[in-house]
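One chain, chain A, links the two complexes that follow: it is found with chain B in the first and with chain C in the second.
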Partner chain A sequence: MSVESREARQPWILLSPALSAVALLLFVPLGFILVYSFWLRTATGADQAGFYLDNWAEALSDPFYRDILLNTLKIAAITTLVCALMGYPAAYFIARSRGNKAILLLLLMLPFWISYIIRTMSWINILGVSGAVNWVLTSLGIVAEPIQMLYNETTVILGLVHFLLPFMVLNVFVSLDGIDTTLEDAANSLGATRWQAFLQVTLPLSLPGLAAGGLLCFVLGAGTYITPLVLGGPTDAMFANLVFEAIITQLNWPLGSALSLMLLAVLGALVLLYNRYLGMAQLMKGLG
Partner chain B sequence: MTRKMDDTTRYERLRERYLNGDLDRRGFLGLLGAAGLAYGVQTPFAKYARAAAEQVRFDGWGGVVSEAFREYAFDPYTAATGVNVVDGTFGGADEYISRVKASQPGEFNIAHLSGVFDYVRYHNLELSSELNEDNIPNLANVIPALVDVLRKPTGGTLSAVPYDYGTTGLAYNRKHISDDEMKEKGAMLLIDEALKGKIGGWGEWKTRIWYAALQTGQDPNGIEDMDAVWDAIRTHRDIALKYWGSGAELMSLLAEEEIYVTEAWSGRVKALQDQGHDIGYYDPPGGLGWQECLFVLRGSPMPECEELLNFMLSPETSIAVAEGQNYPPALDPNKVELTEKVKALPAFDPTGTLAGLNFFDPPYWNGNEAEWSKTFGRVQKGY
Partner chain C sequence: MGWQLVRLWTLLVYAFMFLPVAVVVLLSFNASQFGSFPMTGFSFRWFAELAQNEAILRAFRTSIILGTLTAIISTTLGVLASLALVRYRVPGANFISTLLIAPILVPEVVLAVALLLFLNFLNVNKSFALLLAGHVIFTLPFVILVVQARLVGIRRDIEEAALSLGASPRQTFFEVTLPLMLPAVLAGALFAFTISFDDITGTLFWKPGGVETVPTQIFAMLRNSISPEINALGTVMIVMTVGLPLLGAALARSLARRRGG
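This part shows the complex of A and B:
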């Protein structure tokens, strides 16, 4: 074997454990899901193997699924926007702080040490009828009766923001931290105000981080089902809840497979668009 | 002398052939690799078979029910037999059946399933087993009506033993709803506009349809106007604050006064009352009764499972579990002397006939499952 061919093979040999894991844990299950989506559920709940397009026809033509999908994308978009508005100043503050950056980053990561479900349920103790906010309001005599604040679309978005905000802050922070601060000084020395320097220098340079954080928040937000389950009202369902119901409640794995692939296709298309125009490098930096 | 044929002997013979030159190096290493691969592939599944005689897996509803089983049934059973009980929980029968469907036979053994509906469902999915009733002498103490209804779908044999029963009645906050008002309005309180935002409900299609049938004056086991039922469910949905999904969530919503009225499981309400909450419980006319059974899944170690079932059905264990979980045991009060605490539990029937309770009719509800569960999923979300 020549040296060249051995060198050409080395990266693949080194990558083979990771590639095997991805193939076995991602592509093979996806293949199963794809096959399942062409099967049918019988009346007894058993699966009927074969090649049927019924599930796909239903998933793609039924306005019920389309409407819930659009609502899911709307909730994810609002969540992403709120995360961006709240996360950018926080990331800017951390990036520009001196000395205590590590502590601030540690504080940012702290919520990840607590279960996502517990964090979501904590809002019941904060916003519930017997929760902290209502206790303060009634104790101060601001309201006579507790206000009903939970179990609506707003609390679903609130729960999602709570869950996703650290992802946004981290991505923007990585982007801001890589910007040479002397650029702002240079802009100031050329007559720009601090606000102008931020708008015309810092913000444009940090946009890749903002976009990467936005993509993560959107994709993770659109795929969630726990938050609407815990904090949503009777009609506040997202698309992942439909997948859950098809597979768990109705035991209709074939339809659930088609629906999950549909969501995957929509979110995958967004990732591809992002990659086409911004590239995945920034996302990797944020995740790293 | 004949040597025992084990893995070491096999390896030594193979190595001898290699050293004698009967096998080339590539063949020797290839056979060793194949043996390693075969071992790696079979190991995850073999552990279930090997563990069969040492442990039984039980899955139940968690919470106070699970605690009662652990304290009064599993630990004493393990102490008496040496067989360990691995205790798992599930949030609902739907979630559990998906897990079982995705598993290998023998991975799950005994489940605390609700109602005859699930019994039929599991049987239809070919997940049922056949119990040897001779190994479960305590089955003779069980209310016959509860046993008979399980025999029908499985052709006279049993895949489960009845264990307890209860009702899904109406729970209400007595600070805001009086006993008289509850008796007067019954199931209609769940669609009372005056309580908008303070009504809850179990987000489960069968219960929603059952109560909607009552609200529209129909027999839940023979609904004639399904459109009216869906409309009643929509009405409830529009004025309800929240569909709850677990017993813990039900108790939290009632205890925190997020809701004033909901359907509720009798045992969970009793637990709330015992905690000091002023929550009333009422079984309206036509209210829903159910039984729970201990279902043995196909591929389970049957003798160990039957032994555990017999142990759990012994009067002392059944009564202790019943007092712990607040649901009356399936024991026939005409054959077994029950405690005063059990007799005071909600839904307890002193006659042992259960003639006053209404149950899901399995052929009717299992037959409509596919269509109704799907439609409910849509109605629930605003359609």
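This part shows the complex of A and C:
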């Protein structure tokens, strides 16, 4: 074999284990559930292979699924907005701080390493009937009996914001950190106020980072089922909870396949739109 | 003035991020038999009870074995792929990169369902093997992103120097490239371990009945009520998942410093 063709084959040999893993454990399974979603779960609990539209008809027409899908998107949208409002100024502070940027960033990265389930359940210690807030309120005599503040849509959003905020701050930070600060100085020297310079120079230049953070918050928020189970009430199910119910509780796998693909279609469309207009590179910057 | 407001806002954001977690740690040392306020005294009793709890110890063992195997497999696959992408001009490199990070672009629930149903169709039931396959596939993109970012920084001419001084390609890899890559490999492996150790979304779909990892064990315990043991377990997990990467980072830095001389 010539040296040249060996050189050309080498990268493919290195890539093949990872590519086969992704193909076998992601793409083929996704194709499989697409086929599976047209099968039928019969009364006996066996699957009837074939081409039935029943699952899709149920998933797409039942107002129960539609309402929960819309509610899920609403929760994800509010979460994303709150993350942006909380996270942008913090990212701006870190990027422009003259203090120890590395320490500030490290502090920001720490929550990434703290378990999601711990961070979620930590709110029970704060807002629960015997949590910190109720303890303060009852000790001060402001309320006689502890108030139940948990298990509603607001606490679900709170938990999601707590989980997703670092993704937002990090992405905005990466974007802001890459902006030449002399641009703002130039705007100032040309007569713009600091606020004008921010609004017309810095903010527009940091939009790619804001968009990347927003996408991550929205997609990760809309795909969760643990947060509503821990911090939500019985009526606060999100779409992923329906998937979990169908697959794990009801064992209706064909229907669960259809519901999974619905979720994938909605969130995948967002990712594709993002990729079309902004490209994946920005997202990778924030993740890597 | 405006800057002061931004500073105050940032301080509040940090407080929002850390206070709830700090409360978990604080309450884990509470002597009271309820996992809540008020603090009645300082005590290690909940940690002692954790060490006696057979179910929790089993969950720890499962999580550590699962995380270690995940890290080994995922890092091996990820380092090979990263080498190919960074070191060679591969046609369609962008497309391949997107394919390789696809597991984190697909919602984890959907990935979990697809893998569970497909492997079940192949007669692989809910098992440790399924759990491992799942953890490998969704940690792989993170390993590739982290390793790739660090590989770019390794200069090619050092290897070329070794080759021109008569080292074989094999020798060059093991004696020059691999030691230089070590921090990247360690970082990737730690990242994979931590993500695997933390995961609950996919794990709840894939785990066989009766098998619990630490997060699913906590989740199951939450069903009853919040007990002081959960706070203690949370504290142990925080120490593990925060302490390990910090230790890893320090180790990588000292390794790099020694080599940089």
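In this text, the second predicted complex is superposed on the first by the 268 of 288 C-alpha atoms of A that agree within 3 Å, B and C clash if a C-alpha of one lies under 4 Å from a C-alpha of the other, contacts with A are read in each partner's own complex, and residues count from 1 in each chain.
Methods note: contacts are C-beta pairs under 8 Å (C-beta built on N, C-alpha and C of every residue); 3 or more make two chains touch, one makes a residue touch a chain.
What you see is a predicted model; the values in this text were computed from it and never measured.
**Student:** With both complexes overlaid on chain A, does A:247 touch chain B (first), chain C (second), both or neither?
**Tutor:** Both chain B and chain C are touched by A:247.
**Student:** With both complexes superposed on chain A, which partner does A:235 reach: first (chain B), second (chain C), both or neither?
**Tutor:** The first partner, chain B, only.
**Student:** Report for A:204: first if it touches chain B alone, second if chain C alone, otherwise both or neither.
**Tutor:** In the superposed model, A:204 contacts neither chain B nor chain C.
**Student:** Contacts for A:130 in the overlay, against chain B (first) and chain C (second): which applies, first, second, both or neither?
**Tutor:** In the superposition, A:130 contacts both chain B and chain C.
**Student:** For the overlaid complexes, name the partner, chain B or chain C, with more touching residues on chain A.
**Tutor:** Touching more residues of chain A than the other partner does is C.
**Student:** Give me the intersection of chain A's contacts with chain B and its contacts with chain C, in residue numbers.
**Tutor:** 124, 128, 130, 229, 247-248, 253
**Student:** Note which residues of chain C are touching chain A in the complex, please.
**Tutor:** 2, 6-7, 9-10, 13-14, 16-21, 23-24, 27, 34-38, 76-78, 80-81, 83-85, 87-88, 90, 96-111, 113-119, 121, 133-134, 136-137, 140, 142, 144-146, 148-149, 194, 197-198, 200-201, 204-205, 214-215, 218-219, 222, 226, 230-231, 234, 237-238, 241-242, 245
**Student:** What part of chain A is in contact with chain C in the complex they form?
**Tutor:** 10-12, 14-15, 17-19, 21-22, 25-30, 32-33, 36, 86-87, 89-90, 92-94, 107-108, 110-111, 113-119, 121-126, 128, 130-132, 135, 139, 162, 165-166, 169, 194-195, 219, 222-226, 229-230, 240, 243-244, 247-248, 253, 256-257, 260-261, 263-264, 267-268, 271, 280, 284, 287-288
**Student:** Which of the residues in chain B end up touching chain A in this complex?
**Tutor:** 92, 94-95, 97-98, 101, 121, 124-126, 197, 203, 205, 237-238, 240-243, 245, 252, 256-258, 367, 369-370, 373-374, 377-378, 380-383
**Student:** Spell out the residues on chain A that touch chain B in their complex, using ranges where they run on.
**Tutor:** Listed in rising order, the residues are 41, 43-46, 64, 68, 124, 128-130, 148, 150-151, 229, 233-235, 237, 242, 245-253.
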